[in-house]
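Worksheet: the structure to be examined is printed underneath.
Read from first to last, the chains carry the letters A, B, C and D; within each, the first residue is number 1.
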């Protein structure tokens, strides 16, 4: 995370930020957005980046970005959980165009030892893995069972290897048809933390602004389609500072003018140790619950 | 934590906040402060609240509050760690006036499942416990071995019992001479997070402003002296907002005036889900390291 | 666990061992046993020790010991799990004679850091705790909500305090009407490990043969009725040796005669490091699953 | 683990078993063994399999197998730990013939969720990883810093992928010069559990008897030298039964004759659920301690 950057990994919020910054009322050029609020428990937003223009404006590749938002996501109400699992499964099938014979490799990104970053690894622990059964326990397979495998690659700081290189190596040896990656994300709106799931068909490029193509988990780089499933679990401190600053700018014309001339984010944060995250108090329970929902959604989609 | 409150559990910061709010240059009445910066690796500050006046002004009981601050606290440099352990041990002995025959009960406060709150329970796991040896393994005891016992009482939300009631019950059955409690704290200054240890001889009153005497862990309530050891591991979001607001107020007289009339903290936070904490990214490692340092310090002090 | 002892904590097995050792066909004097195999998924056995004679012969206090056995206990089949939860709830109510107004303290015995011993602490984490709500969140209470509290007292080796003393102290402060304790047990039959739940109304006396009344968790010692819920999770090595020895004795009369004159268990084990346990490979998953089932059973019983 | 098999992964014990079974007094043909008991704290045994004959007789590839045994391995005595770390480092350098410029990939085999199998993953967490620094933090590198990377590949049951395929893929992408694998082992002698470290230069072939070359982690299969570091953490139940049976056979000629005609291991175990492991009670602490020692030994060797 850049030290002074208002960061978000949600296409939904990138679009909101762009519209706010440019004061445009209409849709972003090259982008189409469909909102479905027909189910009172969920808000479904589909942001489609349709052209290079849209991709450049939002800083994200052409493709579909679907977010499922629900204030009830961590309430563990069985009926809502079941609707949510079904919705996750449908969305995965929708964006991936997966067919029955496609084999799938699922990758749990993130750091097992940092609670808000452990979503990906935790999802892997609940998946129905089948790829090895053909050889070791064929009696457990029904006809047409899909080959499903999964790995937890670790993070650069503890492996010393780009995650994309680990995955490339495994793809070369095991030849899956489709990749699904799960990751914890950052969001700008605190109310979206742990209450939003984004599913897209464009993969993941770690570090949004950075043009480090080699490390991105995309079809271009890995050679197979990549579905990315993410949940925002942290907010950056610059986001919180920005909310306070925006409040003052609205109330005081003088302050607004003064702040235009200042790199206020840097002024406020430059003497701070910058390795903090803002995360829910109950992040342990939240991660366990979300991992269960997403893994059941994936199991359902790949059945 | 109160929703809109700038919170700190450090006497050091309470004093700073009081002086800033009242614009006094001199020492707070009824308070004496001694700073020791003779060791370049550590800054030792002893805030002594000497009278009821000082206690009322700072909202903390009469007693000694010593903080050990070091930017190197999590660097795992063996020589600095050893100095730190010795300093912790000396400070515990200094504030407690413990004598050789005193038996000690150590209590690890906090929630094991919430990483930044798990400091207390983790310290307990590393202590040298001796109380049961007299009966079960007397051959392991040297003469004059002190009786040391320890408990992890849990938190109100998972036990349904005031922590003070659990401890009172155990004190009644086991009759220790001195209580040592360890807890994770909140601080106002992000640079103090995980780099400061506060040791005091006044116990702990959960929820600073609240007058809930029954739940406080103090000599008054428990009947024996209480040494409290704490490390700030989280900062509140109001603190971060306040830093941004202060920045603007300094730059713009108009903003300063406008904000005087506003309950800005409430305005900014009222629509937020308020169950967030701001904590270092590497809090897992930090808690493990601090638990090791503090437990070795306690073991050394009680040897 | 005694080093050379065939150990079991199940009244069911104590009775089997007694009958085998004494070659009696009929029921043990002072004992009554009722077997219910009407549900094909479960075997319910109720061993009632009715008199001092029965208590002396089986080395267990007068009272009811009900075991629920099922080969499907860890299969996570929802319908069987639900039947099992209902059966646990019914049995708790049956042996405890609990009434609506009784407040309950639940105690999770065992060592969190030793997987097969962590059953008790894990059950506590899933319980519906209510005791604190009357004071802190009365709006969450419906009328007649029972007061439920829970503690994880730790083990003697890490606390230095008899678990019974910790519990006595907490009972004195909080005055519950009934105590429920959960513990991991040892069994003699490997096929019962993790597939059997014993529920009794006589409490627990740690260390069967030892007469250490002070440390027992019983009505006599604690002053309130004690329901104990246990699952065998380990088998002792002497049990496995005994199975091998029994096999040979059946096949060879000479071996049978020779072994009568030998303290073979001591001969075989005396040079061994004796701190081993025999436990299922998948004990982590098993403990998680059993903790879930038992906590839901308790929640149901106390509703 | 084969259900009825006396299993060991230690070359030392394979040799002992062969000598006992064949009643030979001299060295096994094609094998040379050097014992070093000059340091009273350690017993070092170097079993060198020198020819195909030796390899066939012991069922292990030609190469060097060094075991470091110490009764003090888990006592956490600093001076002994330091000697042990030095000995591990020397042995790694000795069997690998590593030179300064060789890059190294370290692989932590085993299942993180099964305590006695988690040694490999835990070692990885303590290693000094450098491979990524050249690109991301060159200022942290001194000249001639060796490239060190590490992965935790998971186990077949949770990945669906042969571990050897995962490692092959990563080797293809990252081109290390030498592989070091760490794994938990089985031993025959309970007194060697957690007190023995085996270091060899022949890699690992999971499932000793099975000829599944594709899954072996060897130079032949992976293309680079493979150093394997292992510690026995479990004993099989057949081993314990065999000790009891051996005892009876020595005492009774009739039993010895009778047992010759019986497949006693199968008779005794066939109705058992066979997914048990025999492991020390304190395996959690033991694994943490061994992981620390081995990782420091590797760090020292690769410095």
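Convention: a residue touches a chain if its C-beta (ideal position, glycine included) is under 8 Å from a C-beta of that chain, and two chains touch if they have at least 3 such contacts.
Predicted model, so just to flag it, every value in this text is computed and none were measured.
Asker: Hopping along touching chains only, can you work out the least number of steps from chain A to chain C?
Answerer: 2
Asker: If I superpose chain A onto chain D using their CA atoms, what angle of rotation comes out, to the nearest 5 degrees?
Answerer: The C-alpha superposition of chain A onto chain D needs 180 degrees.
Asker: Where the CA atoms of chain B average out and where those of chain C average out, how many Å apart are those spots?
Answerer: 40
Asker: Chain B to chain D: how many Å between their CA centres?
Answerer: Inter-chain centre distance comes to 45 Å.
Asker: As a quick test, compute the distance in whole Å between the mean CA positions of chain A and chain B.
Answerer: Measuring from centre to centre gives 37 Å for this pair.
Asker: Would you give the residues of chain C that are in contact with at least 2 other chains, written as numbers and ranges?
Answerer: Correct list: 113.
Asker: Chain A touches which residues of chain B in the complex?
Answerer: Residues of chain B touching chain A: 113-115, 190-191, 193, 235, 237, 240-241, 243-245, 247-248, 251-255, 258-259, 262, 264, 267-268, 271-273, 275-285.
Asker: Looking at the complex, which residues from chain A come into contact with chain D?
Answerer: Within the complex, chain A touches chain D at residues 113, 124-125, 129-133, 136, 147-154, 156-162, 165-166, 168-174.
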